[in-house]
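Pasting the structures here.
In the two complexes below, subunit A is the common chain; its partner is subunit B in one and subunit C in the other.
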Partner chain A sequence: MKPDHLQFFVDPSRCIGCQACVQACTECDTHRGESMIHLEYLNRSESIQTVPVVCMHCEQPTCAEVCPADAIKRTADGVVQSARKPRCIACGNCVVACPFGVPEVYEDRKLMMKCDMCYDRTSIGKKPMCATVCPSQALFYGTAEEIARLRPMSSPTNRFQFGAQTITTRVFVMAPRGPVTIAPLIDVTASLGASTGTDPFEGVEI
Partner chain B sequence: MATIPVDDRQITEKFGPHLSSMTGVRLSTSVEPERLVKTHCCFCGQQCGIQLKVRDNQVIGFEPWEEFPFNRGMLCPKGVKRYLQGSHPDRLLTALQRDPSSPDGFSAMSYDDAITRTASEIARLQSTHGAGSVGVLGGASMTTEKTYLLGKFARVCLKTPYIDYNGRLCMVSAGAANKKAFGVDRVTNPWADMIGTEVIWVAGSNVAECSPITTNYLWQAREQGAKIIIQDPRLTPIARTCDLFLPVKPGRDAALFAGVLRIMIEKGWIDREFIDASTVGFDAVAQYCDQWTLAQTAAVTGVPERSIMIAAEMWATPRSGFLLHARGIEHHSNGVQNTLGSINLVLATGRLGRPHCGYGTIVGQANGQGGREHGQKCDQLPGLRDISNPEHRRYISGVWGIEERDLPGPGVDAYEMFRKIDAGEIKGLISICFNPKVSLPDNSFVTKCLEKLEFFVAIDFFLNDTARHADIVLPGSLHEEDEGTVTQVEGRVIKVNKAVDCPGEAKQDWRIMQDLARAIGRPHGFTFTEPRAIFEELRIASKGGIADYSGVTYEKIEHNMGVFWPCYAEDPKTGEPVDHLGTPRLFEAGSYNPIAKGAGPFYFPDGRARFNVADYRTPADDVTDDYPVFLTTGRVVSQFLSGTQTRRIGPLVKQYPEPRIEIHPRLAAKFGIADRDWTTAETRRGTMTLRALVVTTIRPDTVFIPYHWAGKKSANQLTVAAQDPISKIPQYKVCACRISKAAGPPDYDASLEPQQ
Partner chain C sequence: MATPVPERETITLAPDGRPADQQPAWRQDFPIDSPQDQYVERRDFVKFLTLTSLAFVVGQLWIVAQSWRRRRRVPAGAKRIASLSEISIGGSLVFDYPAEHDSSVLVRLAESEFVAFSQKCTHLSCAVVPKPAEGVFHCPCHEGLFDLRTGRVLAGPPPRPLPRVLVEVHDGEIYATGVTTGGA
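Our next item is the complex of A and B:
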């Protein structure tokens, strides 16, 4: 059982794209040799920004809801597991449906695999591999009190709006505290197409 | 003869670099380790604590070591995958001799025969041409015990002045500037002191990729209110969200510091009281800076006037601040001046010797700090002593049991050693932990010199690119096959622990040095039976020096998770034995050091720090109409130095397989270059063709190439061998080049794997 007071927090503003999480994820015993983390450049030609994506462990997992084989289970402590091998038909419904883009079908083994919050480690009170090694602590695992003490400039949010769908997750994303009131949720789709900011090299002649 | 015995590609086929991967017990989830060994990463100067999983004399994985205070379990991708360097198909298991009749250029020989032959070749050269005909190259990835022994081996056994090390390419500008300004060469504060500071200025350091663990310190400092200033020609990951980005033109750092200091003086943002009481030389610096008006500084540095103004205010007005720099300002023919310029900014604010107020260089190599303190540097003796100082010579000669007159004088820097090889003065070379054919600038010259050697012996665990020229290769030890101390970025002495035995006929490096000393017939002083015994002698040798380790013991390191030097066995003030715990923070008010003897906190007889005029000079090989683009070089996060280890670790190679030329879309458009197009960069030394990485995160007048690869993929085919006149560091961070779109892929593309 994962201790209830320990939570996972993601802060993309801290991410430096080093892939320590990706490399460490392959060392995890439940999926050794494969990384379940997606670490992508948003748009490398325009920015160095990277975003680490772990499973958000939804309270009502869309992946499980759309699974025709009922292969995706959520543990009593709120961790959404990889598809169960005897049941999974590798149809990819979950891959298409997940709003965060987390599950992947491994064609060689005809199985959907995804981040299970290092269940072999978290269920015995250890931190997940990725959050342990992360040099920027963009991935953080600890208590709500710790995150409040360590991160006064941002606040944890676990509700996300995707069009008409509102999703509540076990994993929190750190949203910057701004001069305006903090929104109760992050509207993911509304931010698509936002500008990339100013050019620091504007005046450089070549 | 030291030409490559057969075609390079045949050597590569046999000796790699090939890739290791997670297979067998390393992939299995049912195999439990027999034990966990607490040790440190083998790569950069952060020296993160890590636990290695060991089974059947093999490192099969790792487990984070969350109790070690510096990194608390954090690791970069290199640290995570470091364990895959062991049990590697390319590992040298026997001694080798050059053999042009063998298809791969080398044949195995017995270790004893290799030692005997090496000793006789050295004796032959030295009896014919003198002791100085043989040189030694060392490295800062070795433990302090090994670097100490190597320095002693060169001076006492070989009696040659010619020893230097690859820290010459890394830490020497900072070291020289630190000694000029503070009288001591060490970071001033532990990194934990950053949390709570109000401003951190990072000059020329791609922290996210070169010292990733420092990232969390910066971010955490920011959470507590610190502003972050980043000075770099590239918008690196750490610069993306900084409070102020100073996109400096390569090689203009001293000008920027002078311009900022001028504003600080003009606005009165300086600590007059501290300057008057604790420093000398301010007036001359102020006078020099006077010419660096805002307009002039902006014109020379390429940093907008407004940013320079904001930098001065953001840096100088808070009560606390931290300044960090790295190779970005140090790798220049003006590297010492650049560093001194940054130190002047710190001294002018008086923010030293207190919590949250610090300064330091982020060392690059594992033992970048310890490796430069104890005698493999050409002008140094143990304890940061000076080989030209008669008193220092007498003390060390006493420790080593030799006559002072028999101790050689100063040698020359590593690049100058190659010039001496070229001139025929040095004819024999012993190299360990150094891959100059990849890592030195203008490396076609280095290759030419290697080919001139009469006898070359390389000690290594893989056949690195330089060792391909060797007559004899002695199989050395991996990091996890030996124990000893390392001094990491903060000046904290830590302990590396042995996890497994050397495989085959491979030997721990200190044993190889001692076997050579015995075979040469001068075993006196080279009969240590374990690293601890070497360390005990080092404690004595460093005693009374600036880098005083006399109070450091293996037990104290283990118990306290590291010990910051100086750590005294006897109180320097009273001479009484003392249980000293070390010195985490330098220059605290009222602190005592053996140079100032209470006169002040800095390591000069008057106890005061020195302002030094930090003169801006245009870089050597600056841009011209023929070569109009700046070339700068550096690292990527998944590779380390010349890649001897990291180009053999599969997952790290997969992360960044081959070098690419980073180029701004405006510059790329000028030559019709699109992302991933084959692109040629040409300098006055050489030409190379790589795929383009077209990104807006670099100055449009600058291109960047990472330097970890060999042969036709080596960035150092292009770099210039101009060196700083004081530190002798090469100017890796800027030279002039021209760019063009290539007609097609280079010929190696079809035959070589990415890492080769």
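Our next item is the complex of A and C:
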């Protein structure tokens, strides 16, 4: 069981794009040789700002919801694991469905692999590989008290809005604490012009 | 209803947020939480054990029925194979005995000495080839060798001797009169 008091905090504003996490990720024993972390440029033509994307480990994992092969499972400590090799059919549904763009299909081995928060390490209380090497601590793994003491200017949030879908995650993102009151969630798709509150699947029975 | 077991408590919520008892049945069959995915109910396990044992029992009974039926099979009657003039000394002849597609092979060893054996190798049922000059039946599939006179295994993988077809000669005609298994 993953120690409950330890949490993962991602602070994109601190990311310096050094690629250390990408290299460290390949060293992890659960997915040896492959880097599962995505280091993305936000808007490369105008900014050098990068953002590390790890699996957010949703409370309602969309990847697992859409998996037709029943391959994506969540362990009791709330970590969404890579697809089960005997079940995964490499259809790529999860790749398309994930709001954060985390899973990847490896066509050569016909398998989806994703960030599993270095399950071999975090399940025994160690930090994930990326958090151990991040020089600016954009990726931080520790207790809520630690992060509150270290980052007084920002507050952790784990609720995100994607159109009509609200997602709660195990991993926290540090949002700047401004003069305005903190929104209860981060509306990710608002900037894309998508209107919130309208459900394209309204009336569709599952 | 049994009380829920804490170790496999549901932690993953359905996207619509409704409680578990309002969810469609397939959510219970394909849970996202791996403790529930791996959980085997005692009832299911017992059902598996019972059905598997039942299948074994049925298989055993089927084997018993088969061997009983085989023992009850009426012995094949005499059947004419060929006339003496059709087979030379040292020659061989393939014929069907006791049933339509049971190939057997007749070998004339001397003027009035005949042996006949089933042609089916006792290893993997390849057709054996008589070699009277060497005194053997040769199975080309895995180099099995049988004695030409007794059908005994001389070499190779066959586990049992060839079944012998009893041969009688009456008035210049050769007849097969029965089959004996279990060696010479």
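We adopt the following convention: the second predicted complex is superposed on the first by the 191 of 206 C-alpha atoms of A that agree within 3 Å, B and C clash if a C-alpha of one lies under 4 Å from a C-alpha of the other, contacts with A are read in each partner's own complex, and residues count from 1 in each chain.
Following the convention adopted for this analysis, a residue touches a chain if its C-beta (ideal position, glycine included) is under 8 Å from a C-beta of that chain, and two chains touch if they have at least 3 such contacts.
As the structure is a prediction and not an experimental result, all values here were calculated from the model.
Asks: Subunit B versus subunit C on the shared subunit A, clash or fit?
Replies: Overlaying the two structures gives subunit B and subunit C room side by side.
Asks: With both complexes superposed on chain A, which partner does A:Ala144 reach: first (subunit B), second (subunit C), both or neither?
Replies: So A:Ala144 meets neither subunit B nor subunit C here.
Asks: Please work out whether A:Leu42 is in contact with subunit B alone, subunit C alone, both, or neither, and reply first, second, both or neither.
Replies: A:Leu42: touches no partner chain.
Asks: Does subunit B (first) or subunit C (second) touch A:Ile124, or do both, or does neither?
Replies: It touches nothing on subunit B or subunit C.
Asks: For A:Val96, select first, second, both or neither according to whether it touches subunit B, subunit C, the two together, or no partner.
Replies: neither
Asks: Look at the residues of subunit A and decide whether subunit B or subunit C touches more of them.
Replies: B
Asks: With both complexes superposed on chain A, which partner does A:Gln23 reach: first (subunit B), second (subunit C), both or neither?
Replies: first
Asks: Report the closest approach of subunit B and subunit C over their C-alpha atoms in the superposed model, as a whole number of Å.
Replies: Minimum over all C-alpha pairs of subunit B and subunit C: 24 Å.
Asks: Which positions of subunit A sit in both the subunit B and the subunit C interface?
Replies: After superposing on chain A, subunit A residues 206 contact both subunit B and subunit C.
Asks: Which part of subunit B faces subunit A closely enough to touch in the complex?
Replies: Going by the criterion above, the answer is residues 22, 27-29, 61-62, 64, 66, 73-77, 79-81, 208-209, 212-213, 215-216, 219-220, 222-224, 235-241, 245, 247, 302, 304, 628-629, 637-638, 651-652, 655, 664-667, 670, 675, 693-701.
Asks: Which residues of subunit C touch subunit A in the complex?
Replies: Listed in rising order, the residues are 7-9, 11-16, 24, 30, 32-35, 37.
Asks: Can you check the complex and tell me which residues of subunit A touch subunit C?
Replies: Touching subunit C from subunit A are residues 59-62, 64-65, 70, 72-76, 78, 81, 165, 206.
Asks: Using the touch definition from the top, list the residues of subunit A that touch subunit B in their complex.
Replies: 13-20, 22-24, 26-27, 29-30, 32-33, 44-50, 127, 129, 132-137, 150-153, 199-201, 203-206
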